[in-house]
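Chain lettering (A, B and C) follows the sequence in which the chains are written, and residue indices restart at 1 in each chain.
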Amino acid sequence: MTRFLERIRTQKPLIHNITNVVVTNFTANGLYAAGASPVMANAKEEVEEMASIANALVLNIGTLSSEQVESMIIAGKAANKAGIPVVLDPVGVGATSFRTESARTILEQVNVSAIRGNVGEIANLAGLSAQVRGVDSMGEFDMDELLSMAYKKIQVPLAVTGELDFITDGKEKAVISNGHPLLTKVTGAGCLLSSVVAAFLAVEKDVFHAVTGAVCYYGIAAEEAASKAKLPGDFQIELLNQLYAVSDDLIAEKSRSVLGKLGSDL
Amino acid sequence: MTRFLERIRTQKPLIHNITNVVVTNFTANGLYAAGASPVMANAKEEVEEMASIANALVLNIGTLSSEQVESMIIAGKAANKAGIPVVLDPVGVGATSFRTESARTILEQVNVSAIRGNVGEIANLAGLSAQVRGVDSMGEFDMDELLSMAYKKIQVPLAVTGELDFITDGKEKAVISNGHPLLTKVTGAGCLLSSVVAAFLAVEKDVFHAVTGAVCYYGIAAEEAASKAKLPGDFQIELLNQLYAVSDDLIAEKSRSVLGKLGSDL
Amino acid sequence: MTRFLERIRTQKPLIHNITNVVVTNFTANGLYAAGASPVMANAKEEVEEMASIANALVLNIGTLSSEQVESMIIAGKAANKAGIPVVLDPVGVGATSFRTESARTILEQVNVSAIRGNVGEIANLAGLSAQVRGVDSMGEFDMDELLSMAYKKIQVPLAVTGELDFITDGKEKAVISNGHPLLTKVTGAGCLLSSVVAAFLAVEKDVFHAVTGAVCYYGIAAEEAASKAKLPGDFQIELLNQLYAVSDDLIAEKSRSVLGKLGSDL
């Protein structure tokens, strides 16, 4: 038993988020619910110091500005120097060239521990958007190919989330079927997951298992929430409740992940 | 039957919001609940591209900066070029000269499809604040005069919302009595309505009918929410639930709008 | 009977918040629930005018930028000129030197009416962090010493909130035991309290009694909320409900404050 949540709730890792203005509140409340300590800081005058005292860093490009890119790179380098994990959420990569270029600049300048995005974002980040057109259905076979190709280009552990969630570190692969469609009706559901991934990485050095654990936990919390709340306003609040209520034991009981080698059929 | 919601829920129009930092989350969740796809992007480096792939643009000046005004004008011109509707929400116009001047600059530089505000904002935007002092009671006669005068100055379809809602395109007028006082206890209730108006305009070219439809829908969702939630925290969440649950059929059943010519008693 | 809430709900004071991007929505909804009128404005072009028409100003440094510091000083000076109260919330002071220096610059340039923070923030602001290490347990004796030392350095009425809340104006002291641990699971719970303090100061010139009243009210609302909501998502919403529902009579019935002289055992 890995008991990630117990570790998070005991260690209360400080998660430094440089994130978009839409999800700040929801992300902070979600991190508190999981047991972590959130902090948000964007100014280039302070991100180096803040990242240095944090236990993990999240870079989310959802409402990017050029000043924020600069801060992300300063914070990312400080995180690298301090040896803490860095999660990149490439929100909307491919929608504008500013986002695509900024995400690539961050990847060039910062050693990122893991990237979480939807299939379109990961494909765009890897420069594969032409090849993967139509992959939105996320058929198992295509996704394995996408994961392999994307990992080859990006060389960073990936979590591609959607109806099914796919995680790879270039060798191992996990396919997770926890989760619920109501997550697509709550803004920032993906962004919060990226910050939860950072909280797991803050307490576990094995990136593949930490990311897989975070994605299972989040999907199970969503399932629990959806069993109580059928409408999106209620679901958003109930998700916070369940991120707080779900335990390592419930994860052990309810997780539906299939593990294997990248390139193998699961 | 116009069935606006069915169209929104089928077409999932992408609504690009350049809005204030108070309402970003609530606006995004409200647009998801209505069936649209929200995107927020503020940077001058990307707003032209983002507006070009969107189906409607919202410009909300609630926490304006000079950089944001610049972005709004770039995005507005791109929206005009792409032929997509633009909604202006002149939050707090009249409170500071920066807001008043910025709103007027936007109106000079961008072809706006509709403006939604409260009576004070619309009066200030039209330079009528002196004449309409005391109109806050929104007596029917005074409102008709205000609408006529404001339209004459601004030459853009207007939705003036409050205890009653008034919509005009310079010829037609609608007076809507749907809605609920609890809306005044939720921050961003007006801002979200402006974004919902944009979603309706994204699926219907007839501005007057689209705006009237959006305002009816929103008022009915508020009534449904108030029948379940009596306190403002609950109401805020229940409003999101009801924006999701309300159907075109319920709108047809519950809308209370009176239509006529601008300048006529209704 | 001081009946602060009745005054707030009658006068609806306009509270100008220059605050962090995490708590804008929650702060605005909390102020509405209390009966006040929130406004957020950050741009240096408009903060002087906005502060001049407001009834109180809140400066919260939770996601500071150098532009925002500049705006805070402009707004603070306008508030001083207009004779309205100014509340400083030194979020995260001590975490980075940018925050510490910015908070001190604000205190040098602006006459602040009251400061609300947790024990670490107040100790850092007063340059006492070395002496008070370990005070987090907030033992009564140490807190009295901290309050005396911090007031001597800062010379501004202080509200130090935590498991117990301590208020002093340099002469009087109040210790309040209202409140609930679930407040620590909601982001912005402290930030909103600072804005509620500003609303109380807007209707009551006696700073010590206004701050004490605000902290009691907030703690009682939290207790009422916790009696209905056991999980953090629900609690966040129920706190807004109870800020709306709590009355002056309930405060008179449920407040648990002990008053005395600073330097005395209570």
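Methods note: contacts are C-beta pairs under 8 Å (C-beta built on N, C-alpha and C of every residue); 3 or more make two chains touch, one makes a residue touch a chain.
The chain lineup, named per UniProt: A, B, C = Hydroxyethylthiazole kinase.
Every value quoted in this text rests on a predicted model; they were computed, and no experiment measured them.
Under the contact definition, chain A and chain B share the contacting chains C.
Interface residue usage between chain A and chain C, two copies of one sequence, is largely distinct: under half of the residue numbers at the contact are used by both copies.
The distance from the centre of chain A to the centre of chain C, with each centre set as the mean of the Cα atoms, comes to 34 Å. The multi-chain contact residues of chain A, meaning those touching 2 or more other chains, are 21, 25, 236-237.
Those residues of chain A lying in contact with chain C across their complex are 21, 24-25, 28-29, 32-33, 38-43, 45-46, 49-50, 53, 236-241, 244-245. Chain B makes touch with chain C in their complex at residues 20-23, 25-26, 62-66, 92, 95-99, 184-188, 231-234, 236-237.
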